[in-house]
Amino acid sequence: MSLAAPDGTGIHLPAVDSPPTAAGAPARWGHRHLLDLDVVSWPEIELVMRTTDAMREVLGRPIAKVPALRGTGVTILFYEASTRTRVSFEVAAKNLSADVVNIAAASSSVTKGESLVDTIRTVEALGADMIVMRHGTSGAPYLAAEHFAGSVLNGGDGWHAHPSQALLDLYTIRERLAGGPDLRGRKVVILGDVLHSRVARSNIWSLTAAGADLWLCGPATLLRGFERWAAASGSAPGHGRFQVTSDVTAALRDADVVMALRIQRERMAGGLLPSLREYAARFGLTLDRLALARPDALVMHPGPMNEGVEISPEVAVHPRSVITDQVTNGVAVRMALLYLLAGAAGRTKEPSGG
Amino acid sequence: MSLAAPDGTGIHLPAVDSPPTAAGAPARWGHRHLLDLDVVSWPEIELVMRTTDAMREVLGRPIAKVPALRGTGVTILFYEASTRTRVSFEVAAKNLSADVVNIAAASSSVTKGESLVDTIRTVEALGADMIVMRHGTSGAPYLAAEHFAGSVLNGGDGWHAHPSQALLDLYTIRERLAGGPDLRGRKVVILGDVLHSRVARSNIWSLTAAGADLWLCGPATLLRGFERWAAASGSAPGHGRFQVTSDVTAALRDADVVMALRIQRERMAGGLLPSLREYAARFGLTLDRLALARPDALVMHPGPMNEGVEISPEVAVHPRSVITDQVTNGVAVRMALLYLLAGAAGRTKEPSGG
Amino acid sequence: MSLAAPDGTGIHLPAVDSPPTAAGAPARWGHRHLLDLDVVSWPEIELVMRTTDAMREVLGRPIAKVPALRGTGVTILFYEASTRTRVSFEVAAKNLSADVVNIAAASSSVTKGESLVDTIRTVEALGADMIVMRHGTSGAPYLAAEHFAGSVLNGGDGWHAHPSQALLDLYTIRERLAGGPDLRGRKVVILGDVLHSRVARSNIWSLTAAGADLWLCGPATLLRGFERWAAASGSAPGHGRFQVTSDVTAALRDADVVMALRIQRERMAGGLLPSLREYAARFGLTLDRLALARPDALVMHPGPMNEGVEISPEVAVHPRSVITDQVTNGVAVRMALLYLLAGAAGRTKEPSGG
């Protein structure tokens, strides 16, 4: 299978039916929806990584457009404000020549009390083949998927999951990590408000599957419940270590990757933290704290950043910061995801179909 | 005249100059604007229906796109929130290869006190050939049409009119009605808040013109003024019966079509109803009430639904519900309307012009 | 250099390396960004005018589209509500076949406290080659330009500048002025709330550079600081006269052009005016006041208008009003600006590259 460019030149994508991997599973994308990574196998994740390589090649062209999803309707249905994720999916879908419709909840009839299911049925009847959905309630995309004949991509639901973010994080780590893309035994720290973070939850699936030595670090109030997950995960075969701590020094020491999480001001009404200032003093990713990590450690952040709170301005633009790479890779990863999901639904075009 | 597909294949549209119909009027679209159905003749409505058939064929293609409106600027200017109507027109216009611009009033300079007429002049000067407009004030699209050199399509104005909705309702009834598309003598019930409903008002024109036996049913406070319309309409030659009642049993008995209207919570400040709960108990379309209608009666709703108020969840997804068909047909009807209005303005492309 | 139409026909643009003008500067566009006109030379302004002529020819075609910016990502990042400027840039960019992304601040993550610089870095990483930016804070586009690898076009910043508006004003004056495009010695009056007007500030640069006899007129409280600018400007070689007055009769007498400015209600909390009614009585552009100007004087307004305040309804639609021409020319001027800035960045396509 290959992606034909508008001018007829094509590029080769990884074969969708590649030989079984060491783990025995075939490297074939087997899901109609992308709701979270808990049901995505490691060979499937590797297929996303390889497909993203091909999409990066497309992005490097003077005209970064291929006809793969020509005639496919992609509706971006966001019930929460977003710049980067919304635009990233929009650009990705347009690069694949899909027909994109944006629906922002604030200006839609959901303000009139329409049920989510009714909205999904309507969006389908209006011609959507794929829905990219962000919603403030955990699980909402699952409900959507039950009632939608096409594919649902979760663009973030409540505290639950943000799978495309975790995949772009993984892609960025594998690309930039000194010593190569193999994460087995490499120390990855997720630092901050883990409790409210869908980014952290999705990353836990992909990073432990990659074999990383995963540390979650933050105030104890913002780690509640993760001890149990860590304990349960420890016994999974082929998975990396996974531990939880409030000791920021222990967490950062010799880390290969440090991912700071956004302090969600708008979700912190419950008094889980004394103040942003105290958070910054105790857990903010400063140059001093970064010095505990390996000299070539990567600095990551899903954005948008509160500079001076969870990350200092100097660290945000540090030479080891790959925060901008995360954004750029996000477009390529989302092109890959749209492409693979469309392929699973028999919707992608053959090379000559451009 | 035919619609050429991007790949050169074309389809045949109904001839715009077809022979005179029984009523003597030529089946030719004669209006620059579509503001309401009161001035649209039955042969013109039939032309919309046949053109919609052709557009449905386009929608069934792998790539549902024709170049009919290439180079035509369509501005969707909505002063009220909307999902389905806004997206429906947007998809319809893009399927015809028009250049679409969205303007949502909340984020536009109308919040700065600019007059409607000034906005219309500006939109025209920015390159719009057609404006699709929704406005909270009845008659606003008429004012717009007076000052716009192109075509105005009313996407809903105050309580006054929603002509494209009435046409998609008619198309859906004709397509799905057991016994064929002829509505003469068939009993159609519009149930609910008729007073505040632009959907009801536009449907009254098209359904009586189609010869239907039209019943409006709801609380007496929400039917005020329609008795007079019904009395006046009774004498129109070739038109169906038209009556008004608060007796829901009499209205629904042996109905061929039941169209439940949305209870406009946001417009009900005036104390016209005791409560939503009481409305649901007395007039909600439940399975029990639906059993009064003919066994093959169609269930319709313009959306968005308040399930549990004007329609029960079971009826909303009942096998006889054609609510989703209404949405799908809406795209095709709006493609037909944009096409016919552009044709009246000499803007559609010849087949070879694709 | 020429612009190739999609069907292969091309048009000729002014040579980018034209012979030196009288002033000695080469007529070549030398700026990566367009932040204000203070650093743009007169030969460069004339190059914009000639390029706009070419773009007007494109706009006159049945399909007003050229492939000049195919593959170029243009992000329209507006932190303030706007209809005309936002849509004008959007239509301009699409006419040049750019890939356009709209970001409205109200629905973006800037509401989550993200810094402007972080947003700019993100927009760049998402694929933007050019950013059109409107912001409530004077100077914000300069900050953006420092951190963006592509080109920034200022679509209005605080009270500071609105360069594309000044250029479309200049183009409209030159096109419509009785007696030809040479403004040397022609009397141009900017009337109203000069203090809060970015439109006025940018027009001062271009109109004095054009050699016009420029008068600023309004209540003394709304002219503060401009006396000094006028005094400093008087000595610039090759520039026209520039004076400031609250005497509306003296200002309008024998004027060739009268540009009324919007009274920014939303910015007038500081008690600078007693009331809108008094403003209208003393400075509103009425038919009586217009009679003081030359019989063929042009009436202009940047919009949106408060009719009955700074301009009477009769004057707004007066035969000498060129307010609608300003809007139409705005699309052509912005096509020219996007084209020239992209050319300076090596991004425009050769004719055969369509």
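The chains carry the letters A, B and C, assigned in the order they are written, with residues numbered from 1 in each.
Throughout what follows, a contact is a pair of C-beta atoms (placed from the backbone, for glycine too) under 8 Å apart; a residue touches a chain by one contact, two chains touch by 3 or more.
Since the structure is predicted, the reported quantities are computational estimates derived from the model, not experimental observations.
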Q | Copy pair subunit A, subunit C: interface residue numbering same or different (half cut) | A | different
Q.
Quick check for you: after a Cα superposition of subunit A on subunit B, what is the rotation angle, between 0 and 180°, in steps of 5?
A. 120
Q | Approximate Å spacing (C-alpha centroids) for the pair subunit A, subunit C | A | 41
Q. Which residues of subunit B are in contact with two or more other chains?
A. none
(Q) Taking the touch rule as given, give the residues of subunit C at its contact with subunit A in the complex, in rising order. (A) 70-71, 73, 75, 99, 101, 103, 107-115, 118-119, 121-127
Q) In their complex, what parts of subunit A are in touch with subunit C? A) 59, 61-65, 81-84, 87-88, 90-91, 94, 104, 106, 265-266, 303-307, 316, 323-325, 327-328, 330-331
